[in-house]
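Chain IDs A, B, C, D and E follow the sequence of writing; residue 1 opens each chain.
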Amino acid sequence: SSGSPEASAGSSAAGDDFGLVKAGTLTVATEGTYRPFSFHDDGSGDLVGYDVEVAEAVADKLGLEIEFQETQWDAIFAGLDAGRFDVIANQVSINPEREEQYLFSAPYTVSSGVIVVNEGDTSISSFDDLAGKTTAQSLTSNWNELATESGANVEAVEGWAQAVALLQQGRVDATINDELTYLDFVNTNGPSGIEVAATTSDSSLSALAFTKDKTDLVAAIDTALDELRAEGVLAELGEKYFGADVSE
Amino acid sequence: MAEGWQLFLDSFWPLVLGGLTGTIPLALASFAIGLVLALGVALMRLSKNRVVSGIARFYISVIRGTPLLVQLFVIFYGMPSIGIVLDPWPSAIIAFSLNVGGYAAEVIRAAILSVPKGQWEAGYTIGMSHGTALRRIILPQAARVSVPPLSNTFISLVKDTSLASLILVTELFRVAEQIAAFSGEFMLIYLEAALIYWLFCLVLSAGQGRIEQRLDRYVAQ
Amino acid sequence: MSHSDPAGERADVPGGDPLAPADIPDDSVLLTARGIRKSFGDNEVLRSIDLEVRRGEVVVLIGPSGSGKTTVLRSLNGLETPDAGTIDFEGGPSLDFAAPIAKATRFALRDRSAMVFQQHNLFPHMTVIENVIEGRVRVQRVPKKQAIAEASALLERVGLAEKRDAYPFELSGGQQQRVGIVRALALKPQLLLFDEPTSALDPELVGEVLQVIKELADEGWTMVVVTHELSFARQAADEVLFMDGGVVVERGAPAQIFTKPAEERTRRFLDRILRPLD
Amino acid sequence: MAEGWQLFLDSFWPLVLGGLTGTIPLALASFAIGLVLALGVALMRLSKNRVVSGIARFYISVIRGTPLLVQLFVIFYGMPSIGIVLDPWPSAIIAFSLNVGGYAAEVIRAAILSVPKGQWEAGYTIGMSHGTALRRIILPQAARVSVPPLSNTFISLVKDTSLASLILVTELFRVAEQIAAFSGEFMLIYLEAALIYWLFCLVLSAGQGRIEQRLDRYVAQ
Amino acid sequence: MSHSDPAGERADVPGGDPLAPADIPDDSVLLTARGIRKSFGDNEVLRSIDLEVRRGEVVVLIGPSGSGKTTVLRSLNGLETPDAGTIDFEGGPSLDFAAPIAKATRFALRDRSAMVFQQHNLFPHMTVIENVIEGRVRVQRVPKKQAIAEASALLERVGLAEKRDAYPFELSGGQQQRVGIVRALALKPQLLLFDEPTSALDPELVGEVLQVIKELADEGWTMVVVTHELSFARQAADEVLFMDGGVVVERGAPAQIFTKPAEERTRRFLDRILRPLD
């Protein structure tokens, strides 16, 4: 649904230049099970979420159709390598290891990690306190590394929901995740007997991820992101999903 | 609990739909193709030619010796590296067919061996070739023997198709994951999914009964 | 076209007895087997068997278990491939087992004869009539209508007309065995081979089957019969062969073999069967 | 490619170790317990008492009709809600044992039925009770028949244990996931894992052969 | 303690013939069965069977297939539970099938007799000696050493001493059946039941088995034998019963039954077996 003429002009060019999986279409990989970034409206409805809408806005800017491919995180990078997607929009946070293998767009989410514990658990008030404690992390998230660095022994789980379950059942001491995830959870589920014990000092940056050969595409998308930021679109989306602008 | 119940009701139809549009067609297609494959492999396995039976043996051993998950990965994410890019559904059908081919081959082989040697000879003595005897005499009898084990293979397949979500096929379990991720009630949703899988299996078993009856018309009750 | 199948034609003579052989019993030699040898592993089962069968002749093979009787029949029917020796059918084929046998030749051999097994080996998934026409239609390519007509006539003749649509499991042992015989006849072979056709039957059912075989003999069929029913051999056989340890120990007219066998081994064997208790 | 090869080598031992400390012990323990369970269920299933056999029937149907993944989840994440909190290993062993119990029960039942009725009667006529005849006459013969299908059950189990990673048990597949997640080389690592699963299965099949030989001493070759 | 098992003691008399029965053949009534009825579904298999067996007597049951012979034996051995009638063993047990039978009573019944089947039904996973001592050791709780001594003597006596450690599949049909008999003898029952013990055997092996059974008869064992071997019946039977359609059509001394049967049905049956071809 690209309205403006210059956009559609761009698209005709785009189709051939970016070496897209499917000419004229931006093929985006996302989990579809990572609320509130990428999930299905009331479970079985349309694919929505902050990352999803950001990707849609970007495609719109480039005058490209957009097509989402939903898959587990395990498969997401394999799929990107296999040339099945053009880009991953799933809160991929930038870290050195990944930068060796992949290209990143300008970050569109800036947030900090939080340690979530059961209410009234005073034994943890900082990341240092995690030493020797047990945390539940989804292996593939970058929070996993943070927990490990903090000296916690990590129980790997499928995702946030399982992590919270373990925490509430008292089988782990804490779980580290994105502040935004936590807020969304509390907003929808109401008081769940868990609270934030500490927040990371340095915040993490999430961006769209590409294979190394997609330099042109990344350049184009960075411009698009800047425009969206300037037009306040990213801020709107932030408000919509988090009640705050999270794009910087 | 009330809203849990509500969620259960709201999710039921989407899950069933995921089953009817994803799980069942995927399972049926893969099973049909897999059976043809399996028959071929079983016959190769029974061949007197060492090389031929060796190939079948190896194929079966690899299929049965490696996790289905990996087989899916190789076909969907691995083959592109040798230039073969298939869409999710074809990839899934190929992977599951190959898998069924490996498991069902052993079932069919056992069924063929279970037909008394005298039946082959009765066929030969009325002038039949090996092929004709196989087609007209042995396979019809082997079919009866292999229905129960094959229906087990099929039921396992129905559940295994949940792995297809890994390669972008949306079926019952994928839908369950989506709802679970949204609501956080993964326990409830997974149980509901299990219930629906179970219902599917009950229907299938009933089908098995029907087939056995039809094939049983020529054996003493 | 299958209509030109000579055997087929001959049997269609209106009013001809369906039990009558396709082959004319004119006493000329039909089959000659020479020096048949067969080993399974290092178990030498047949050590040079010679056999000659004339048209219309009934040859009965007797002998202890393991003596090789079944193996002889199987060799004649091409179910077993001897290690050495020759089998010649008048009018072909003619096989020398010194060299490997061509597939076509083996099929030719099989077409000359038909075998009736100890365990009837009917096809359980086919009705009686289907069992009988199977070879005729699938192998000899006779039109189904004709095959059914012939089969019905044969079943009629052995008193199984009303069983034509029954499945084998619905028949008594004797009926099953009679269907087995009809299935063999339907192929209009030149030679019938019977391997202990009654030894799996309840004693009171033996009679009905032997009756049929005897009738076939009287009609002039050429047959080789392995049996322990000495009364049958006495009445129906032209020649009796006593086998032991893979060789033909003695052969001759039934009268001679049963009354004054030349060989000690033959005598002992007959005693064991005729007078088990002394 | 070179560093891919390096990664392959570096990962090999950790993966094998994951198999030896996780997969194999888990599979062995679950299989042993599962077999005992299965024997009981099989006997219940064969009972003339409608209720008893009905219970067995239901148990088997549920176990076979629902995804193993869900069975694991129910025991690990679900049971706490009724106050039963088990550690990962106990949970996994219970779940897999119950699963084996369902599948192996049908195998054992079929094996028992495959022993000729005359063997029961020979036992009775020398004065044996039903139980003694079962223990001394029937089961020893059923054992022989059930080795091949049971070893299939076991091989499937070995691969299914990869699901234990979902409830915090560290085994071969979990190790593979960790390495893959860290290196991003999913394809390579999963293939390597598959290779190791396959090697395990080859060893197990060899074991099956040995057992069959021992049991075959009393049948004509 | 099992040493006090009387049967056990008696057989240990040094020099006593191991084939001799534990029970003294004194012609007193051992078993009385009255009005035995049995139906499977609506197929009435036994319609009021009466039977009396004296100590040392040999009763032979003959009759067409399906006439109920096996069912009679199975009822006597407690393998089948009749719908009505009574079975009384002198010295107990005494069963009336009008009422349900207590487990203990059925076991008592089983202990009185031992059955030899048409298909030997040896335990394939046990050696010959293990087959023979199984019941003695596991059920009658006789010390293994003693059981083995007895079993060896019995095997010796039927000429199978050197086969004691062979598995059943390594034996010929005749040898298997003889082991089956020894397995029954080893239990020292008062009554031996034989169900067509030779009809699954190759004809030349029938003799060796009938010989053994005849010897047992001569030794004074009480037995009920279902067989089609009329020569055996003629020589060994004290009484012959002809059954058909679930009733005893005729009973009497072998001489009478075989030479001048009173009943037409009996005559026809005997003819079918003795003269199958006319």
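Assume a contact is a pair of C-beta atoms (placed from the backbone, for glycine too) under 8 Å apart; a residue touches a chain by one contact, two chains touch by 3 or more.
Being a predicted model, the structure only gives us computed values, none of them experimental.
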Target chain C, source chain A, minimum contact steps: 2
Set of chains whose contacts include both chain B and chain A: D
Between the pairs B-C and A-D, the one where more C-beta pairs touch: B-C
Chain B-chain D separation of Cα centroids, rounded to whole Å: 20
Length of the line joining the C-alpha centres of chain B and chain C, rounded to whole Å: 46
Inter-chain centre distance, chain A versus chain D - centres from mean C-alpha coordinates, in Å: 39
Computed distance of Cα centres, chain E from chain B, in Å: 52
Residue list for chain A, restricted to those that touch at least two other chains: 74-75, 78, 81-82, 162, 165
In chain C, residues with contacts to at least two other chains: none
Of all residues in chain D, the ones touching two or more other chains: 77, 186-187
Chains that touch, pairwise: A-B, A-D, B-C, B-D, C-E, D-E
List of chain E residues in touch with chain C within their complex: 64-65, 199, 202-207, 210-211, 214, 228-229, 231-232, 235, 269, 272-273, 275-277
Complex contact set, residues of chain D against chain E: 116, 118-119, 121-122, 124-129, 132, 136-137, 140-141, 144, 217-220
Interface residues, chain A side, partner chain D - complex: 74-75, 77-78, 81-82, 97-98, 101, 139-140, 144, 155-158, 162, 165, 169-171
Residues of chain B that touch chain A when the two form their complex: 7, 10-11, 14, 73, 76-78, 80-81, 85, 165-168, 170, 174-175, 177-184, 186-187
Sites on chain A touched by chain B in the complex: 31-35, 39-44, 69-72, 74-75, 78-79, 81-84, 159-162, 164-165, 185, 188-189
